[in-house]
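In this document, chain identifiers A, B and C correspond to the written order of the chains, with residue numbering beginning at 1 in each.
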Amino acid sequence: MSRKIEITTNEKTYFIEALKNGIRLNGRQFNEMRTPSNIFLSKDEYGYIELEWGLTKISCRVSSFIRKPFEDRPFEGIFNINCEINSMASKQFENGKNSDEEVLISRIIEKSIRRSNSLDLESLCIISGEKVWSITVDLNFLNFDGNFIDIGCFGVMLALSHFKKPDITIINGGKDIIIHDINEREPQPLSILHIPICLTYSFYNTSQNVEENIKGESDEDAIYLLDCDYKEDLLKDGSIIITLNKNREIIQLSKNGGIPIDVNILLDLSLNSIKFVNELTDLIKTLIKDHEQQRFTELNLKLLQVGADR
Amino acid sequence: MDVTEVINITKPSRSRGYEDEDDDSDIEMLGNNHNDGEFTNNNSSIVTPGELITEDPIWMKGHGTYFIEDKTYSSVAGNVSRVNRLLSVIPIRGRYQPETGDHIVGRITEVGNKRWKVDIGAKQDAVLMLGSVNLPGGILRRKSETDELQMRNFLKEGDLLNAEVQTIFNNGIASLHTRSLKYGKLRNGMFLKVPSSLIIKSKNHAFDLPGNISCVLGVNGYIWLYKTNLNNQNNNTTNINIHNNGASPAITRLEEESSWEIYSDKNDSNITNAIRSNITRYYNIIKALSFCELGITEPRIIMGYESSLSYMNVGSLIDKDSMETICQEIINNEKMRG
Amino acid sequence: MSRMEIYSPEGLRLDGRRWNELRRFESKINTHPNSSDGSSYVEQGNTKVICMVQGPMEPSSRSQADSTKATIEVNLSVASFSTFERKKRSKSEKRMVELKATLERTFEQSVMCHLYPRTLIQVDVTVLAQDGGLLASVTNAITLALIDAGIAMYDYVSCISVGLYDQTPLLDLNGLEEKDISTLTIGVIGKTEKLALLMLEDKIPLDNLESILGIAIAATHRLRDLMDDEVRKHGNVRASKLAKN
């Protein structure tokens, strides 16, 4: 982090004191998430979304083109996530220079989505060894109010579900392909195998001395907050990022330093997280479904469909 | 499936010295019976980080310890030391910890506002205030602005000096002074660095050695070997004479000595090859002592010098064999003398 | 490679180990007494790591001086000959940056940084050979080197990797196993059950997490003992030498 935003000692003490009494300064419960609002799913183009989550704001665009696959993986398409954080989001991020913080954020989003094979890469193959789809997601953070990872991951998954790639026909016995304009033929959605959801828990040291937290036996005073906002993010003493999907699989776990946490807490947190994962997964599904429905009626696709059936 | 059982195979060697090794297989399957460490730990005096030292709350917690609910734990690997009720752990290795009165050798790293920064091998650089050095023209003179401007003419980056630790500030930074004739810039010799733990504190850390060599044995492990300054000795003798005459020349002599010469960057022109090879010989002897991890003291250096005289070629002293032989001879010598 | 070979029905793994068996763990401390304040060498199976610690010392740049605590800087370099295929790795690679940041943040907590204000602790790690469990070996090596340097720590940080094959957790994966099954790396403080470091990069079922963590923690406690033995052994040698003087 290039320019640290200072928080006074008194402010920190006040904050911790409030936490000890079970109060979060933003009025939420300890394990209460903010709900995404103002979700914009583009009607004109496939794969562009914007969303607000508290005051954090992101935009996400999926783009596709056809290219030659990597030589060692001739049957697989190519999928990249491009994460951009600049000083537009908050002045703590510097333009042009990738700080450790930013690398960590993009690495975790990438690990959650790309490495877990949530996108079926083999379905992106057109002609093996010759032509495959290359899908790129550009994630831009427009405003920072904590919790970039969870929101970024949610946004990318929403955009991928929203995206449709143009239909193609293979001609000349597999030598050439025709890419159909999206107005000509209904484009096809991506095949998404599962929806990973990231949840970040921030930890706070409430006891007087650090020693207690590092080696002490008592873990009653461990406080963990879900979906922290800007100020909570600055004051945190450590965090853990758990990525899960609806199939009760842990996709990624990462704890990059910070105060140590007890194993039992980790287990509790993971088990509790399933509830949120289900909620958010359902949210993505309903959003996409409603959007489809809306599009369907607005464009009067019903007529077309009837024609096709006949 | 019992999830708390871990198998591991270790070499059938002495690497686990204090575990019993009487079973005939070379596979040791160890349960979780390892001793967590009590106050009277398995006859070894070493404690390691995280080890419980005592549960008794009467002890005061010194360096190298921390405590949780009256239990004192060690935070470094080292020996427990108890001074009255103060319990501390002295690490086996570690950087030099400056103490007031230490005679040290340091190197200027930075020339700043009215002060020099000096690398003394400690955790932080020490400071040498302009006010704590002797300047040309006598000790009692006030430090003027001109002095401030020409600080680099006295001592500049890279210069070596010997000094005494005056105080330790409460942030841990040491403040040095060179307000004595035995301190100041170092010339006519060679620098050598050994672990500071090997230097044994004594009354005198600057001494003359046989063969016209002098040595500054910095408490911080920095050592300076140089040609004995003959003028100095002559002066000393005259000094004594004057003393005998009842005069008090100290201040006047300081004035004489505090000429620009003490900050000169030029080595003497009359350093002979014999002196150079003697310096190298001492250099190698101290290296040998440090290699064998023997404490470095004046008598040991002299003994080492004497036993090294059997080696004609100074360069052969850096062979492992000759280093060990010399150290063995030193130890034997000490035993004989008791 | 077929998945059958990873764990045979008889309960043996590719290299003949059992599920709960560690690879040979060997460590040495004070390997470079003249060139660094603290140094160590760790072998976990065929993964070999050298670590050197300089400091606490005056930071070379002002920006590294924190008036309340020491700054820890980890430089991780992976030798180009460390894998079967020779490959040059740059330090700016995202994975490297992530490992470096993870290590720095982990040790910021377990080292008593507040005792060394305005100083820099520089940790240089060189990976000579890698065969799985890279992060684990590096962490163990850094712990030993820091102890050797006499830097105050709350306790050892011992680290191990565990994988999951079907329903069976496999301890301390080697390179081949790591390629095929998902790996969890955990770092534990001393003999507690507190996790200082946690990294999982592939899928595992949530319901298996508990059993994996159980065996992993037991293994880290064992590693702590092994490292402790080495530190004690070395310490006693030093102590006896000093006593001779």
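As a convention for this text, contacts are C-beta pairs under 8 Å (C-beta built on N, C-alpha and C of every residue); 3 or more make two chains touch, one makes a residue touch a chain.
Worth saying up front: this structure is predicted, and the values here are computed from it rather than measured.
Innermost chain of the displayed assembly, by C-alpha centre distance to the whole-protein C-alpha centre, is C.
For chain A, the chain whose average C-alpha position is most distant is B. Per-chain Cα centroids separate chain B from chain C by 33 Å.
Averaging C-alpha coordinates per chain places the centre of chain A 30 Å away from that of chain C. Separating the CA-averaged centres of chain A and chain B is a span of 56 Å. For chain A, residues that reach two or more other chains under the stated contact definition are 211, 215.
Residues of chain B in contact with at least two other chains: 50, 66, 73. In chain C, the residues that reach two or more other chains under the touch definition are 154-155, 189-190. Listing the residues of chain C that touch chain B in their complex gives 18, 20-22, 24-26, 30, 33, 37-38, 55-58, 112, 116-119, 147-156, 169, 171, 189-191, 211, 214-215, 218-219, 221-222, 225-226, 228-236, 238-239, 241-242, 244-245. Listed in rising order, the residues of chain C touching chain A in the complex are 94-95, 97-98, 100-102, 104-110, 154-155, 184, 189-190, 192-207, 209-210, 213, 217. Put simply, chain A touches chain C in their complex at residues 98, 100, 103-104, 106-107, 111, 115-116, 211, 214-215, 217, 238, 240, 244, 248-264, 266-267, 270-271, 274.
Chain B makes touch with chain C in their complex at residues 1, 3-11, 15-17, 30, 32, 34, 36, 44-46, 48-50, 64, 66, 73, 75-79, 91-95, 109, 117, 119, 123-125, 171-172, 195, 200, 293-295, 331.
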